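What follows is a pair of complexes built around chain A, which joins chain B in one and chain C in the other.
Showing the complex of A and B:
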């Protein structure tokens, strides 16, 4: 049974415990960032941030402020396009782990050129993988495969204090997602689960994807 | 907190005001989310829409510094619409007490005001007493607390409140209606607050106003209710309990003052007497607690013959203020020439930082202990100054991190929690106690060999050779100093006192803090280490875990819980029972005293046992600035007048008046914008620790100023632009964050803009910006001397170039 995440954004407080936890567990060095008029920092995914919380604010129809948080990361697609695209140039550079469903970057990925990496990124429906030109490698979330194989939760899920994130066998997560959706719909009629059949990281959004992030959903 | 973190989940309405809980208590906030899961409404009232607001049912923006107007409006609404919980108010509050004839309130001033000293003669506010000495009670009396309160708040109409706060009448009603729906026996509303309420010149009265609301609605003592101060992350509760500040001795006992030269004088002045038979008047036990404290400090040297060494304690002057703001002012004026600054970074976190930085130049010597260099430790080489001209010799001692030591912390819910040392301190770093214990021993040796003024105060101390956290936990709990038998059980000298009911005023017991007596016993060991989740089915209903850690007092998890039952001891809300009388004893939580319910006219006691007469105080004659909270503008205000009275700002607020303590005049056109300051999830307070954690700095790298689109347009500022912010005291650079989350307020018919800035950035972290507090005021609450960091007046303009940020 593959594993899956639920990310219920209606519970997220953007504490960024997941963003920081991810950096710490993976030993990723800090970026030199600047304040550019947003709390979203670093501004985008990069070789040293496999996960960032995106912030989006707007006014609803009644003029109320809405501030949405989107903890962005690899969706570990059921049929990952990135694996297919990578296979065309360096077979096995990216693989899908059958036990967990994790989409993983292998050592072979070091044979990918920057252009190959760009093509893989462009193929990703969610604009996730990033190329590290110094280390010459493709980078992205690996589901904390080392932790998961040791029976631990991915670090982002472990860190989450509000119950936004859950991780379990896919069936259990799908069931939980449906349950949470029913609750969310009471307050947010447009609440929906994003691309649930295609991904193993299922986002629950309260409204349309453009109010979170343009690449929040593929469909 | 009157209640505790888990208990928040029991609320029907969670009212967050003066707190940004999701950002500052991100883990504890899960209990707010649990309440929401159970169907609770979440309300956030705050100047800015924050990450807390994002998770609430609704957010209402409020002009900073107008909380009492907002809350006073709610009090008026409750009284006018009769939404109060009548039985609760009559049984538990001083609503029926008759106030004496000397009380009056006119033009914003209570009776007894002395303009010269900016103080009140509080004897004018006293209650009327009957012949038996007990307070006169007559609800219908024209001067009953209830009637005076009604009259006082009748001015807090929706229009007046809306005019002053900048909150629309529609939004006021939305909050009032939602929260006042909890004024029923089967409903509970909790209030969560933090520095957003305290850091004002009317800080204490903000909280008093919330107490009045919670008492009128019957929300104190019940599950899901209470007034809950969300304390700071490490140990703010514990440091308050143990009297880190100057104003009390440990366990909330008064600071000895010069007129109380003997222990008897002290006890007489501080031990209240009640004339009500059904009042427990718990502070009548004070002599036992203070004597045991002295015994803890001086051990065998403390004897009945020498007043337990009371005369060795320093005595304060009545009315003198020994708070840190006054200490800094003394340093500024050259009256203090050296000292220790530990656990705080005043040259980033204290208001009017330019004055604070200049002040410290006057020191000959300074000892700091830090994890990292800070704006305080390195003041002598701050930007724009020549280090060669600075005379201060600074000793920087490397401090252990909190995970490098063992001991206890007390969380917001008064739980005493033991933590183990995770790793040894790096290098030569030590925890504070391993610095102070040897330091005092060195001082003792010097006094021994060289003598000095009053050496006994130091030499007679019951002081250890080395620090051991377990030993201090035992000393705090308290020990017997002679063999004592309790209920047939013998406790030898040196053994632990089982509960504060056994503390004595005859020198046979010690306790460094009576509230913690019972936390470490011969029978159960160190209870702060307990992690046992077992509970009774009744306790499970409200999420009470009596064997998980330990909680002061006597493991009582919800304070004033006798107010959660009717006179027969039956829970007012049977679905969420806190305590219940089973005919012979209480079950559930530990009750506020063992006495039977109030229906027992002989032995029953009133619930508010810490108040002399047993009733909760809607009218509180003990505070320095009035028995009822009243709206006053902040010390710096964009208004020239307000509709509540002719008294613009608090008549009692304290302030300093050196050449560097400038205040803008009211409605000063030079400084028309309200500034409020705050912290954020990613940085801890002044940022002295977290700016040195690269991954946190990556997430929030530089100082910003949040402002509305309307203000930005008016000033020609775009998102991400550099901005200069100026107040009457200083100039700060920040990056503009233009957002819909802050909106202009309409106040008294005109537009008032508000901006918000964090105070986490300082110059020791290169190019991240420097102290926001260079802008804030040296004006303070008269009761606590807390500075008004949440409201001052500034102006802003687009920067041509930035020097502090790059």
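Showing the complex of A and C:
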């Protein structure tokens, strides 16, 4: 049974515990950043951030400011396009782990050129993988495969203090997603689950994807 | 380059074909030998407390060969149940970071640089200066001649990390000096 995440954005307070937990577990160095006019920091995914909480603000019909948070990460797609694209140049550079459903970057990815990596990134429906030109490798979330194989939760899920993130067998997560959707619909009539059949990281959004992040959803 | 749904499906189809080719003799086993060692395997677990806010989330520090390798929330602690915020989630870096102070620093009056000092020297200096300042400014009687025994130029700022018992000791120490201005971090 593959594993899956549920990310219920209606519960997210953008504390960024997941983002920092990920950085710490993976031993990733800090980024040099500057104020961009948004609390989103760093401004985008990069080789040192496999997870980022995206911020989006807009006015609703009554003129109230709505601030949406989107903890972006690899969706560990059921049929990962990145794996197929990578296989065309370096077979085995990216793999799909059948036991967990995790999409993993292997050591073979070091044979990928920057152009190959760019093509893989462009093929990703959610714009996730990033190329590290210094280490010459492709980087992205690996579902904390080391932790998951040892029976632990991925560190972002473990860290989340608001109950936004959940991780379990896919069946259990799909059931939980439906439950949470029913709850969210009471407050947010437009609440929906994103690309549930295609991905193993299921997002629950309170409104259209445009109000979160351009690449929040594929369908 | 953006992919439409149709391109997405076409590519996915191509991928499925590659997989089929794989089953006709191309060795894919090697690709599945993805291994990543669990860095906390066999590490000693030490319980500690996040130093930042008054929630006092409990953390587990993983120590291997005397070195801190990871920290995460303690799932058995009822307050945080394993969870942490961004500050608490970054404790490993706080401990290992180059910017972390490991020795007391002293900047003399009118000096523009910090000097490293020993803890003995620092604590003696603090005690000496508290005593001197207290003796100099202690007020025995007010304008009306009533005994007040108070110290008005000291201020005690408490921490939300102190337990009831620690608060009692701190409070008694301050009252012993005659301090009347006391407040708490969580109120300001």
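Keep in mind that, in the parts below, the second predicted complex is superposed on the first by the 219 of 219 C-alpha atoms of A that agree within 3 Å, B and C clash if a C-alpha of one lies under 4 Å from a C-alpha of the other, contacts with A are read in each partner's own complex, and residues count from 1 in each chain.
Throughout what follows, a residue touches a chain if its C-beta (ideal position, glycine included) is under 8 Å from a C-beta of that chain, and two chains touch if they have at least 3 such contacts.
In this text the structure is predicted, and so the values were computed from the model without any measurement.
Shared-chain residue A:146: touches chain C; no touch with chain B. Of the two partner chains placed by the overlay, neither chain B nor chain C lies in contact with A:134. In the superposed model, A:158 makes contact with chain C only, not with chain B. In the superposed model, A:65 makes contact with chain B only, not with chain C.
Contacts of A:17 after superposition on the shared chain: both chain B and chain C are touched. In the superposition on chain A, A:34 makes contact with chain B only, while chain C stays out of contact range. On chain A, the surface touched by chain B in one complex and the surface touched by chain C in the other have residues 15-17, 19-20, 23-24, 30, 161-162 in common.
Taken in their complex, chain A has these residues touching chain B: 11, 13-17, 19-20, 23-24, 29-39, 41-42, 57-59, 64-69, 161-163, 183. By the touch rule above, chain A contacts chain C in their complex via residues 15-21, 23-25, 30, 79, 81, 83-85, 87-88, 91-92, 95, 97-98, 104, 106, 108, 122-123, 125, 142, 145-147, 149-150, 155, 158-162, 218-219.
Residue ranges on chain B touching chain A, taken from their complex, read 22-23, 26-27, 29-30, 33, 37, 49, 51-55, 58-59, 681-682, 694-704, 719-721, 735-741, 805. Against chain A, the residues of chain C that register as touching in their complex are 1, 3, 5, 8, 11-12, 14-16, 18, 26, 28, 30-32, 34, 36-39, 41, 70-73, 75, 80, 82-93.
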